[in-house]
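As written, the chain order gives the labels A, B, C and D, with residue 1 at the start of each chain.
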């Protein structure tokens, strides 16, 4: 028996978001004239409980079997209304949404008449499509109860610890020899002025010792395959040329190594040995031999480290090691790098003048583990600077460079002023700011405190350039809007609070994962307000600056949230397949095989049937793109929910002027 | 007549990039002409050239196909297939006396609400300048579609 | 004083400069910090932009300070919001001329020479060298100056888009 | 290679040293200069008077060049900016392109953008090439220390493409070194000469060039070289008045067009290069530069 179609149309006002532009009543009146429409109703908030209940009651009372909701984007509330259908005992896929908010009222708010006409079309098209919809089913697949965290900065460490503490296994992968990230470089953290290492080191050690955390340092992700619940990840562990099992971390090799090169951890401001610990509190506390600069690898001589190592842990024969792991969820915490001011903003003379440094470099010049052992000495002549200028917004909030705010430069700059005046009591600091954005908890107090210092002057103005005269002295003019004066500054040290960019490694990982990035290169969250830790890829979460610039408290908070999202997935232990999979009518299939290579997920196989061959779809592998359906020459292949006979009526309504 | 002509444009959008980019244009309250009507697909790779012909047949004056930028496809390679199919179809349109400018392919990412807005305005103006599609009343168009000659099997 | 009284000037500015957006200025002072004219005069590019946006451009037009710009283009090059104070000021100068404000005397002569000779100079100068020798194009053996072939036509064409003799 | 020479305003009416030296050196590098048959002011000094003139006027010049089938050598920074910016705008904005061509049509002209525009720094560095320049000189100049002053409009606005860039070495510096001179960085290398302030205030304009002169003197340079008639007019011609206005008697530095220095190295006569027309005290340096 052919089921009688009974369509219910529900038009949402979304408060005034839709109703102030679209004439909802007119849409309802129009909808009720469409064939098979049994009910057409409106409601101020269709997504609210009463709104959903209205639909559920109508389904039950009036025997509705197809539902159209005209409201916001299906990307927003399709799951909500599908659940409502389910609660009413209807297959959740017998729903079609008409997006009359994002695609209509919001973008045509100056044209209410045209918007109303468009809303009618969108509703009519949804009705045309939903009439052809069929019930769909999904299948549940087990998820691997293990997570991967990429990036061992404070975000990655926090996320890994949270997952590990909830009882799941987690891999923490870091490309550098030690975990710790950029936070390990900081001397103090604002606004409390906690010693950065003192608060970070215990977390680093805890992560290293946690039974559920597998730490893979000096390792890089090579490839990621699979999807939510079942990712296969290849990781390359670079050789340290030190047997980590034998090494006791005594450091004799580092002492005995006769060669030095610039230290990456100290941003080139100091030297390190060729076999070295990245920094004294490195975790794991195992040295790394820098092959490119090692005399043994270049000339076959030296071998001092091997000679002196009491544990016989030096192993020149170590090879890169490829590790393959299966995980159910991935957290990206790849962090940030600094904007390349040296090449992109030559007017600030960072590079040519040694006395122009970045804020991060000042952290190393202030840190007790830094190249100057905590004495703030300017790089050119190792003298104490007495007159320091700190420039905020270098490269940030700039259409020609980075159009976004770095979100920590202001308060970092204020903290850097504190470093100077607390280390060098007779020093004067000038901060050139555009707007002071001290929005975090306790930041305004900290700003007020530093602002009150006699030794710190705030200039409301940004220099255009920094000049260096023939004897190396720096000078430049800056217009101060506060005093309405053009000031000539002649600092002996300039600190640039440079903008931040995603760590360069993120681009490749995002490409591999097909995880969307914004125009600024940062990861695009699924929803900026409501789903800030999720990405466009199911099972891939984001924590910290990879999503956008943020300070340490926000980074740690987001890491916890990302971990919670991952834990929810692992604890559930299963993932649902997509419903909109490809489907083949084997009676129509000619066995031509065009579809097979079109599928990027190898979900189509050709199987023998009646002496010939026909296509078969493995529903659990299919991700539901529909490429095979478009390629099929005989019409045998289709995509459920997007079948030709469902799409064509929709297209025809939308194309036809009423 | 031309002065009152309001073009009817059908847009095909993939769920992950371009539809999301259009949503962003909405949440950002960017304004564009009300001449566009969007068909949401999971991937632009689902789009059959035939669907575009159905749109023209039913009265569309222009068809805008949107997808993820090359390399960004949620399904790895759907947008490459779309590009090939559209190129093929463009040639066919010209042969049947339909200006190939009536069909446009654009890559719109989830963060490019502004770009979509610009494209929507430009394309609407372009179609307005071209005038109504000559195929609107063309009865002879139907057999063409049923012939499935539009390269539906092309990958 | 009523702010936003003369937004028509902002509109005129927009017409002249096209793409730039004076309204995007967030007053970072970068332009004035690096401005050569600001070092030797009261010229403040950031004020030109913000007064224009606030509808108070008539003030700066009246004061004549807009003519102090040294045309070095640094503000255009380094403006973080692509406002390009230079372009805004050029537009303000155009607005000033069209509203009958007088530019500096030297510029009046230069502008009018274009209508008579096609160039800002009426004729080549005779130079006295440091050795007190008087030289000219003729004595140096340089060819005669070239002008628009049909000066009347040239004058008519430039007048067609509003290039007028200044008084 | 043949090229139109478009001199602009300042060069042919007072900066004869630049014109003479340009006419002298280019043919020796295989670049034959042809005087433009019909030309007008580029409009840069008149931007404030009529912005559109500053698009139409350069377009007219380029259309004349197109009609003659030759590229353009433009020795003035201001003119070079006008021509480059107009090309940029006419390419970017269709309505301007149409509007301008409608006017050009009245004189039987058409702008398509075919004629290329070269500043001498480009013609020398990019067309002739540093190596050819080095070969063309009959003797290397002594390694005197020179400050190279590119001038604002040769560097900015970078978005439309300028001959010189702020990062790295100047083409002008490479050219100076090719004929034996030494160059060194100086802090205000990309700064303004102040010439465009002259109509507004002589006093202010002189103070601006005074700051430039002070850096040249402090830097211990033997001389300054530039390839812009306005910059040269300020740096070379305004030293005495700068001394008076700033009260700084030290503001004195020998100033040369690069084409004059190149001419010297090619063995061209000093009067042929217009070196007798310089206002700055070039005598002692010239003595050292002579073979």
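As a working rule, a residue touches a chain if its C-beta (ideal position, glycine included) is under 8 Å from a C-beta of that chain, and two chains touch if they have at least 3 such contacts.
From a predicted model like this one, the values you see are computed outputs, not experimental measurements.
Set against one another, C-D and A-C show the most C-beta pairs in contact at C-D.
Centres computed as Cα averages put chain C at a distance of 20 Å from chain D. In terms of their C-alpha centroids, the spacing between chain A and chain D amounts to 50 Å. Within chain A, the positions touching two or more other chains are listed as 347.
Applying the touch definition to every pair of chains gives A-B, A-C, A-D, C-D. Here chain B touches chain A in the complex through residues 6, 8, 10, 15-17, 19-20, 22-23, 25-27, 29-32, 34, 37-43, 45-48, 50-51, 54-60, 71-78, 81, 85, 109-112, 117, 148, 152-155, going by the rule given at the top.
In the complex of the two chains, the chain D residues touching chain C come out as 9-10, 12-14, 16, 19-20, 35-41, 44-53, 56-57, 93, 103, 106-107, 152-153, 156-158, 191-192, 194-201, 203-205, 207-208, 211, 274, 276-279.
Within the complex formed with chain B, the residues of chain A that make contact are 73-76, 99, 101-104, 106-111, 114-115, 117-118, 121-122, 125, 511, 514, 516-519, 524, 536-537, 580, 592, 594, 597-598, 600-601, 623-627, 629-633, 639, 642, 644, 647-648, 650-657.
Interface residues of chain C, counted against chain D in their complex, comprise 16-18, 36-37, 39-41, 66-74, 76-77, 89-91, 93-94, 97, 103-107, 110-111, 114, 118-121, 123-125, 127, 129-131, 133, 135, 137, 140, 142-143, 145-150, 153-154, 157-158, 160-163, 166. Interface residues of chain A, counted against chain D in their complex, comprise 343, 346-347, 352, 467-470, 475.
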